[in-house]
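Letters are used for the chains, namely A, B, C, D, E and F, taken in the order the chains are written, and counting of residues starts over at 1 for each.
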Amino acid sequence: MLHILTKAPDSDAAQQMLQAVGENDAIILTEAGVQAALHSEWGGFQLHSARIFLLAEDVTAWGLDDAVASQALTAVDIDGFIALTEQHVQTVTWY
Amino acid sequence: MLHILTKAPDSDAAQQMLQAVGENDAIILTEAGVQAALHSEWGGFQLHSARIFLLAEDVTAWGLDDAVASQALTAVDIDGFIALTEQHVQTVTWY
Amino acid sequence: MTEPNGLLVIIRHAPYASNLLREGLDTALVAAAFGQPVDLLFLGQGIMALLHEQGNGAPGQKASRPTMDMLEMYDIERLWTSQEALQALELEPSQLLGSVEVLEAKRLPDFLKSYSQILNF
Amino acid sequence: MTEPNGLLVIIRHAPYASNLLREGLDTALVAAAFGQPVDLLFLGQGIMALLHEQGNGAPGQKASRPTMDMLEMYDIERLWTSQEALQALELEPSQLLGSVEVLEAKRLPDFLKSYSQILNF
Amino acid sequence: MEYGLLVMGAPYTSPAPHSALRFAHTLLARGHQIGGVFFYHEGVHNASALMAPPQDELNLHKAWVELHNAHQVPLDVCIAAALRRGIMSEAEAKRHGKASFNLEAPFELTGLGQLLTLQQRCDRLITFA
Amino acid sequence: MEYGLLVMGAPYTSPAPHSALRFAHTLLARGHQIGGVFFYHEGVHNASALMAPPQDELNLHKAWVELHNAHQVPLDVCIAAALRRGIMSEAEAKRHGKASFNLEAPFELTGLGQLLTLQQRCDRLITFA
């Protein structure tokens, strides 16, 4: 399952998503979700760091390129976002 | 100053409001804000319990009459809400 | 919840605060009317729709309770929430509509995977 | 901030996420154009508008940075935020536009009272 | 006292317009005046003459018009917020080459200056959002 | 693969429509099909022919129409969500006694069943909200 988060990492949506993410799931952070790059201790990174992606266009718009680079997070462009939806039959958006 | 809270007690809006409330201010909880009645330990009650009011119509709509009664909170009707705005020159809504 | 064509509608927004609860319930009702098996999962603020003390609606706004009561008529019988979500609102199961079943949050990932389709409101 | 007719515009929503930041800034610019003294206070997600690394806008969406840059042209020179709000976002003052002044949160109540008018976005 | 109301929420999405209407009627019943209602942000949708809610729900557009007709309350709509959201008067529709429009009197398109004037002129400005 | 898109955010309030449009164009460039875009909740405002954003901002209504014209993507709008928010076709305007309308082809008013059909028919349903 692929989880799309469009709200900030301390939002209700983010907290609910973290409880719903399973072992083989992936997460893509888009829109306000890219702010997770500022919070290295965010629950998502603790549990699932290998499978978390940030949408590059949104990272740049929000001024967070440095934060993503310094934390060695994985940004993907919109082609990469689509590739993730190809790999997972089910996609759930948390907003 | 009168503060109107229209969002849940754990929202960004509520947290920001609590930092802005001064000693002689009052708070009225309306719309989703009435859910504070479920949380006796909410920061607002710790700091300012004497000056917190809940809008009665919204309490009833949200099904929280029992919670308000059991915690001995102060509900006011919309006339009481207006009376509060008469008493305070400045009103700020947190949403 | 193990039916191949099962739809899970997740409700995460409160009555009155937005129209998302209503629009989520409408989606569930239409799916059921089409003969699709539907369950509902209430998380976060969505749980406020389950309070049995829910009133007649805020003045001028339509209450959600009549729509909730229609669920059973459409054979939507399984309403779920999570233990942890209830605790966060400091609610007891006894304050909710009688038919709600409570999951542990750690079971949520497998619970979601048991549905072939999910819509999140 | 002690002028009798002073307006404080509080910005609490992020760029792109809604139009509230833009609409709050527009209000501040119009007030300034009318000759009213205006200060801005950024709290919570609103602080994201102050990052000096802010880009050219999300694709298709207008960037807020050009509007931020107009503030000074309209003599809106005092931009405030709170220490605690910055910490919650794990940001340092050095990551913000140079002109931002940082208040302690405990000073916020008196700060608000020093304005005769407040609009909260 | 004279009150100004600022409405920022859309009908059928936010409860803010309902709260504002109840507040307005009770204000008048208590003998206050309403200097004006200013619709901004998503609140501009209150002005849409095209809204057609189910019959068992309050028609908010109609409710504002009735408030105006009974008490001459000015209903001002921020023009910039309205145009980008698809709310326009006949005059603006002509200017933008549109064949139809959805805002008419007693709602009036106006600039943000009107909000600031309202705040300065009234004894109280209450925001519903 | 065949994708369905569900758009729940309003233009100029939520970034969701922008994200959905970018996603749609890139999908097609990668050789996928789009079975339909369904507009629900505040997303129905995307269908408003009356939106007139400033010239330096993308006109989202126009952008959806161009997507349709270039790739025949169906643009379905939930009728119940639309009517209460003031989005209506000429036929609905007549039925409701309104003098004007703001939704026209290629946008189509349709029931919620269309969303469920889209979800069942497509290989993927992606929600933008």
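Just so it is clear, contacts are C-beta pairs under 8 Å (C-beta built on N, C-alpha and C of every residue); 3 or more make two chains touch, one makes a residue touch a chain.
Note that this is a predicted model, so its numbers are computed, not measured.
Asks: Would you mind checking which chain's C-alpha centre is most distant from the centre of subunit B?
Replies: If we average the C-alpha coordinates per chain, F ends up farthest from subunit B.
Asks: Determine, using the mean of C-alpha atoms as each chain's centre, which chain is farthest from subunit C.
Replies: D
Asks: Could you put a whole-Å number on the gap between the CA centroids of subunit B and subunit E?
Replies: The separation of the two C-alpha centroids amounts to 25 Å.
Asks: In angstrom, rounded to a whole number, how far apart do the mean CA points of subunit C and subunit D lie?
Replies: 39
Asks: Go ahead and note the Å separation of the Cα centroids belonging to subunit C and subunit F.
Replies: Spacing between the chain centres: roughly 26 Å.
Asks: What residues in subunit F touch two or more of the other chains?
Replies: Where subunit F meets two or more other chains at a single residue, that happens at 12-13, 15, 22, 41, 57, 80, 125, 127.
Asks: Please output the residue numbers of subunit B that touch at least 2 other chains, ranges allowed.
Replies: Residues 31, 57, 92-93, 95 of subunit B touch two or more partner chains.
Asks: Can you tell me which residues of subunit C touch two or more of the remaining chains?
Replies: Where subunit C meets two or more other chains at a single residue, that happens at 16-17, 19, 45, 58-59, 61, 117, 120.
Asks: Report the residues of subunit E in contact with subunit F in the complex, numbered from low to high.
Replies: Subunit E reaches subunit F through residues 10-13, 41-42, 45, 48-54, 57, 61, 80, 83-88, 92-93, 96, 98, 100-102.
Asks: Along subunit B, where are the residues that touch subunit E in the complex?
Replies: Its residues touching subunit E are 4, 6, 30-31, 57, 78-79, 81-82, 85-86, 89, 91-93, 95.
Asks: Flag every residue of subunit F that touches subunit A in the complex, lowest number first.
Replies: Residues 1, 3, 8, 15-16, 19, 22-23, 26-27, 30, 32, 123-129 of subunit F touch subunit A in their complex.
Asks: Considering the complex alone, what residue numbers of subunit C touch subunit E?
Replies: 16-19, 58-62
Asks: Under the stated contact criterion, what part of subunit D meets subunit A in this complex?
Replies: Answer in residue numbers: 14-17, 45, 48, 51-59, 61, 63, 88-91.
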